[in-house]
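Structure provided below as structure tokens; questions to follow.
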Amino acid sequence: MSAALSFRNLVVCALMIALVLLPVYVKVSGNIFVLTLFTRIVILGLAAVSLNLILGYGGMMSFGHAVYLGIGGYAVGILAHEGITSGFVQWPVAVAASAAFALVIGALSLRTRGVYFIMITLAFAQMAYYVIAGLARYGGDDGLTIYKRSQFFAPLDLTNKTQFYYVCLAVLFGAIYVTYRLVNSRFGLVIQGSRSNDVRMRAIGFPTYRYRLTCFVVAGMLCGLAGALIANNTDFVSPSMMYWTRSGDLIIMVVLGGMGSVVGPLIGAVALLVLEELLSGFTEYWQIILGPLLLLIVLFARGGIDGLLAKFSARVGA
Amino acid sequence: MTTLFFEQCLNGLQFGLLLFLLAAGLTLVFGIMDLVNLAHGSLYMIGAYFAATLTAWTGSFVVGALFALIGTLLVGMVIEVIVMRRLYGRDHLDHVLGTFGLILFFDELVRLIWGPEGLSLPLPSWLNTSVTIVPGFQYSAYRLAIIVVTLAVAAFLYVLVMRTRVGMLIRAGASNREMVGALGVNIKLLFTLVFGLGAALAGLAGMMQAPILTVQIGMGENILILAFVITVIGGIGSIRGAFIAALLVGFVDTLGRSYLPDLLRSILTPNAAATAAPALSSMLIYLVMAIVLVLRPEGLFPAVRK
Amino acid sequence: MNEPLLRVENLAKRFDGIVATDHLGLTVESGELHAVIGPNGAGKTTLISQLGGQLAPDSGRIYFAGSDITAMPMYRRGLLGLARSFQITSLFLDLSVLDNVTLAVQAHAGHSFRFWHDVRAEKALREPARAALARVGLSDRADRITSALSHGEHRLIELAMALAGRPRMLLLDEPMAGLGPEESARMVEMLRALKKELTILLVEHDMEAVFALADRITVLVYGRVIATGAPADIRSNAAVREAYLGEAEGTDHA
């Protein structure tokens, strides 16, 4: 990945800087709504980045990735409900629970391929959905309200919107960096080789199953962390967080943004959610544009926005 | 006790047959065109909406249903020509993404045209009654009608696929589509017809369940997963597999939901049973699929030999 | 008396009633280029697959460098120094040429649970990879995306990947498959140069190449060895002539 001053790289840098400076803009303009919106964007961006690890780099098309949003979210919610509000307990539990679930689902699902893999990941996610929806103690279908956000050491106060935004942003940037190192490491090359031609990988001597499973678990953990953040953001968790169509939303973000790079999904999250905001201002039926838009991207702009930027950079010679 | 059991069995059969209609179209399209169509559930929904509207317009249940069937068939063929043709031969991921986009589109379109509330499809009086099957055992006439109609359709499909030239092309296409194309058959037309057939089956399922269950936005998404589960269990491309898997799923789901709570109550504490019952009942189907995939990763009767 | 580098004894393999390998025995001396030829269906690829570890024989033994490798898993044979190329090109088309060969090196360079350091900066992987590419003459293509290269270049990458692990012996399954006359000539020269450094078992249909390169030739028909010997002897062998000329057409695939 060259650090060349290409147009595409400049755009990405500008985006990152804009995200860092956002609260300043909010302070100056008084527009709190933007802060709320972008906190959500940053968190979902994290979820999308985690999905791209297995989808874009690993070639593992999971239609059940949103399940980790639910697991992470409910870890925080359930612990809060039972009186444990320390973030130092909640967040590690969220990540550990996601890891455990990913390990089990992955171990079973990764023995299948293609559409079977899609179906089985979807099915497991739905299983989790039904289990959580059946937990009457924790709100069942109606969801669970969280009365107290995760507590850390003072002066860190997650109820402070600006502080919380920066916490989310820090986690996102950290995750992007970790993912970047991961995909460029030996491990990352094995994962990409496995995506490209798994049979050949095994023929030249790689036991690919264990590497893909590890990748699957890491992605689940990152998404579980996003779930913990969502729980704090909305002060509420519900089973609908992990309904399979939510996994579809994440996939849209990844594809829209671009599967070929680590930041692509973030671009996708920003683009999708900002578009959603703008369009729903015009018409309440804006989703009618989103559907065909997705189809058009699949047919004509497979590399997503990031891909288009890269093509433009190459064309312009920047 | 036993009448309740028979009733649940018949319900399971009826549910299974309805699922078969849905899964048959899905597995046909997948087997022949190698196309993963998430929007199949949308066709199911469109069938239900058409039926509700047309029945209200024409005042007749049967006439309305017939026109709705034709309407869904046409919609299916239009989708095939405009969208699906561009997806053939591409990565399955592209299919999933593209047809997911179609789901979003249709959900919004339906909301635009019919509003967010959903519709109802009331039964005509001649169907809204009970039939005595065996003295002392009455069953809903409409559910019986569903069983009869779906069995007739299943028989029609059997005859179509096994005994006609078109069916032979379908079976050949399922195992080797390049060959069929190479033999000079008008593949484009065949594909359009097959997709239309799948759409009609989905629409029929949608409109038949409408009076019992629901006509609302998003109904396709809920049932689509079951259809896919059945396709996977039965083996992709196999209608026979879809039939058996659908019945299996229908029975397991219906009987499971009826009897599992009681079963749990006899093993666990009332509290635990109350918590576990709804979750486990819903999960049952997925457990079955997981078990089948572990034992037979290709499904029970895989038709596609690649 | 030198122990042959590869010794195959009484190898047998059936597929549902079809005998693919029929009590096959052969040896390959260290440093020789030993060609295996035979009409279609003779079981040549099946033999290579058993030697490489992709397929398990039903009975018989395979010895390499003195060790019994009959049941050894694929990747361990690679570690012992036995490498294989494939008849049907199966590369990582969306990765760069260098990445393709790097993976071949990486497979034998310890585990890959390394998550942090840039793999493209790892000398222990990059140098052997570049060396292998240099040997097949593709150094200037190292950073291109594999899908952009020609079929002939793909066959060379295939060879580079087999060379990447610095093997003692190469099992080459129809390296000329699908090559035009120029590319075939290039491949022959490549193999002639490699002959000096490694032992090679070559399965091929291209008779010109076979007779130009081979020190010894083994002829296979229906999974059985019908003759083994120097090229001149094979050319004049009656049983061989019958096996080939007895076929209707096209045994000389070039």
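As written, the chains take the letters A, B and C, and residue 1 is the first residue of each chain.
Heads up, the rule we're going with is that a residue touches a chain if its C-beta (ideal position, glycine included) is under 8 Å from a C-beta of that chain, and two chains touch if they have at least 3 such contacts.
Nothing here was measured: the structure is a model prediction, and the numbers come from that model.
Visitor: Could you classify the connectivity of these chains, where an edge means two chains touch, as line, ring, star, complete or other?
Guide: line
Visitor: Going by C-alpha centroids, which chain is farthest from chain C? Tell me that one.
Guide: Greatest centre separation from chain C goes to chain B.
Visitor: Report, in whole Å, the distance between the mean C-alpha point of chain A and the mean C-alpha point of chain B.
Guide: 32
Visitor: How far is the middle of chain B from the middle of chain C, if each middle is the mean of its Cα atoms, in Å?
Guide: So the centroids are 51 Å from each other.
Visitor: Please compute the C-alpha centroid of chain A, do the same for chain C, then give the distance between them in whole Å.
Guide: 45
Visitor: For the complex, give me every residue of chain A touching chain C.
Guide: Residues of chain A touching chain C: 181-182, 184-190, 192-193, 196-197, 199-207, 211, 214.
Visitor: Touching chain A in the complex: which residues of chain C?
Guide: The contact residues of chain C facing chain A are 54, 74-75, 78, 86, 90-95, 99, 102-104, 106-108, 112-120, 122, 125, 161.
Visitor: Where on chain A is chain B touching in the complex?
Guide: 61, 63, 108, 111-112, 114-116, 118-120, 122-124, 126-127, 130-131, 133-137, 244-245, 248, 251-252, 255, 285, 287-288, 290-295, 297-299, 302
Visitor: Touching residues of chain B toward chain A in the complex: what are they?
Guide: 30, 36, 83, 86-87, 92-94, 96-98, 100-109, 111-112, 221, 225, 228-229, 232, 236, 274-280, 282-283, 286-287, 289-290, 293-294, 297
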